[in-house]
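So, here come the structures, one by one.
Look for chain A in each of the two complexes below; its partner is chain B in the first and chain C in the second.
Right, the complex of A and B next:
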């Protein structure tokens, strides 16, 4: 039955702190069995949204549901958290516990905890089980935080800046684990500043800017629709001629012009030909450029 | 498992306080009684126990306030509350279980030094003074819960790793000063209740008044009320 609900759904979700509107009218859905990336600059509202979803913050207006449970309902939120594995930004863990105590403590709260998986990951990550967490390096703490999430079989995995502090080998291990988990049917929702990692594994991308949702699309669709058109004209050409729907930004330098579009690229090409462009080059954009264009545009 | 977490969190402070209180209690009764004839005259023995109790009240109060450090607001200050709050556990349960561990540890800190007092005095040739021990210990636990209440309440309202105990000590000091200065506020002087000043004959130092059941019961009822207020405060709080 639970499969009928999206993993995450928000409707006009807003969170205001005094005069600061951290999240504004956010409406989006995270479908099940997908890897959804949640991108945004620092302070864009990603962590606030995640905290609202987990019931740590009460939305100022609007609603959110996670695994079909309304986050405003405390009892329902607790039931949902039983099926969610969450790795928070900065990887907060109890410094006074040893790695082994932390594993035992966390495992006791979840029915989906897999002790064998935990043992395997401890060996794989080379974590010292007798060492106090406060004595671990940042990278080791990150690995332990990830282990606590990956040693379970949750319905939803929420990761906030998961690779922060990991070395390249650790990042690679993490990416492989995420892909493997998604293949097992676990929904993954993660925020990251590492766009190259997002581009490798995400199915769907949401970009948040200043609390507003700017992009909510499948990654493949984004790649197909975002384009940079490098145009060369025999004479000076006005930017006004390219002010058409879908054009995000125009960089003009005399006879040369770069037009960034997220749709209607055909219309831009036709317009360029009509204006006797001597050269029209269409360059597909990577997620990094798409992200920069999106946040720059606002 | 939350019991386990709160025990690990407070274990060092608890064990240090326990060792300190037990050693200090044993030391005080040894020092104050080492040159006396055996067995001591009853009045001297009661004085010895009464003096030991006064020291215990002071150190117990300090230990209990320091033991009260912790909880979800302190975790927030140190940045680890997100892990705790993501667990499939109600905030009510989080506060309630921490409070339970705190009360049990506070009781243990009151009982253990009195056991040390009885053992040391007995080894020095005195009779077992179970009645005095039970009376003073019950006063310490029952009356001293005022400090447990205060520390719990402050810890659920004030953020910061060391701010809450500092504020608690400040409030205790202010209450004591006011209660000493204003006659109709005397009942607020929990030190007198805990210390047993109101229940002994100043000449014979014998316990002459019955145990203050109603005051202690009221104190314990307020303890439950404080717990309810703390739970409400944490539930309303956003992290």
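Right, the complex of A and C next:
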């Protein structure tokens, strides 16, 4: 049975702490059966948004619903949360328990817990089952926290900064795991500032900057529309000539010009030819540059 | 034939134009590689290794496809091109079975939706047959063979031209820029006509 509502939906969601507006009028959707990445600088409001979604924080204004249930409706929200696996930013675990005890303890809470999957992941992550959690390294703790979510079979997986403290091998294992779970039809929503990871696996990207949503777009669309055009002209050329919709920023020293666009690169090429440009080079922007362009100057 | 016709209408025009330019860039790249003996040899070795893997049922794709997340092109388009390219070089042959969506997504570490979209677009083009539950099979028909032939002859012409330009004293970098500028010109022309 396919359900019609998106996995996550917010409408004008805001959260104010005293005089600080952590999240401002956030409206976005996370579609089912997709991997959606939530990007932003430290303090951009990513964790606040996630906590509002999970009912851990009450929104100041606006609404959020998760798996079709409004987060202000406590009973309905609880039903939804049983179908969600969440890994928090600070990866809270009980330090006095061993890895084995933590697994049994967590497994007892969830009907969708898969003991076989847990065993497989313990081996894959090479976690020492008899060791107390307080004796684990930071990377090991992250792996254990991820394992506790990946050993379930939820409808929605929400991960807040999942790869913090992981070494490159751990990151690779994590990415493969996310891909495998997505292939099983699990919707994934994860926040990160590790752009190279996001760039590989995400279908959709949301960029949050100072509490505001700046980008909400399929990653393939971003890839194909953001460009830097390096232009050279025989004589001085005015930036005014390139005030075209889609042009985000221009760097110019008179005869050389770099034009950053998020659409309409064809029109910029055409304009440059019209103005007798002697050289036109088009450079695609990676997600890192797209991110930096997006949060620049705001 | 009906397959080809439906492919033309199903792919939107922009994508078609885009892949035309990209095919040319790919050709250019190939021509460069072929002229550089060491790279050419490496390439041959790679396709040789790829065909060695044909002993098992499903084609091993490790190393056959490599997606570049920062190349400014949708990943599903990159995968489509690389599958087409593998068919053109003979690394993939008629009836070969590709790994399933999940396996390929895990191997390439990309979203399963990327693989699914590439597969379904290639099915529209008539290059893949998706059999429910048993995976994706390479389908090489007359049209594909003709296209492969055209591309090979184009590659020879590009190689000749590059050699001529080198004789004129141009560097590879300059030749590449000239080609790319000319392709950009074409994009601008298309934009103007629209």
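We adopt the following convention: the second predicted complex is superposed on the first by the 295 of 298 C-alpha atoms of A that agree within 3 Å, B and C clash if a C-alpha of one lies under 4 Å from a C-alpha of the other, contacts with A are read in each partner's own complex, and residues count from 1 in each chain.
Criterion: a contact is a pair of C-beta atoms (placed from the backbone, for glycine too) under 8 Å apart; a residue touches a chain by one contact, two chains touch by 3 or more.
No experiment lies behind these values; they were computed from the predicted model shown.
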item	value
Fit or clash - chain C, chain B, common chain A	fit
First, second, both or neither for A:108, with chain B first and chain C second	first
Chain B versus chain C, judged by how many residues of chain A each one touches	C
Which of chain B and chain C A:86 touches, first, second, both or neither	first
Chain A as apex of chain B and chain C, Cα-centre angle in degrees (nearest 10)	150
Contacts of A:94 with chain B and chain C, given as first, second, both or neither	first
Which superposed partner A:123 touches (first chain B, second chain C, both, neither)	neither
Minimum distance between Cα atoms of chain B and chain C in the superposition (Å)	26
Chain B and chain C footprints on chain A, overlapping residues	none
Sites on chain A touched by chain C in the complex	33-35, 172, 175-176, 179-180, 182-184, 196, 199-203, 220, 223-224, 226-227, 266-267, 269-270, 273, 279-288
Chain B contact footprint on chain A (complex, rising order)	51, 54-58, 74-75, 78-79, 81-82, 84, 86, 88-90, 92-97, 101, 104-105, 108-110
For the chain B and chain A complex, residues of the former touching the latter	1, 4-5, 8-9, 12, 79-83, 85-91, 235, 238-239
Chain C - residues contacting chain A, complex	18, 69-76, 101-102, 105-106, 109-114, 177, 180-181, 184-185, 187-188, 190-192
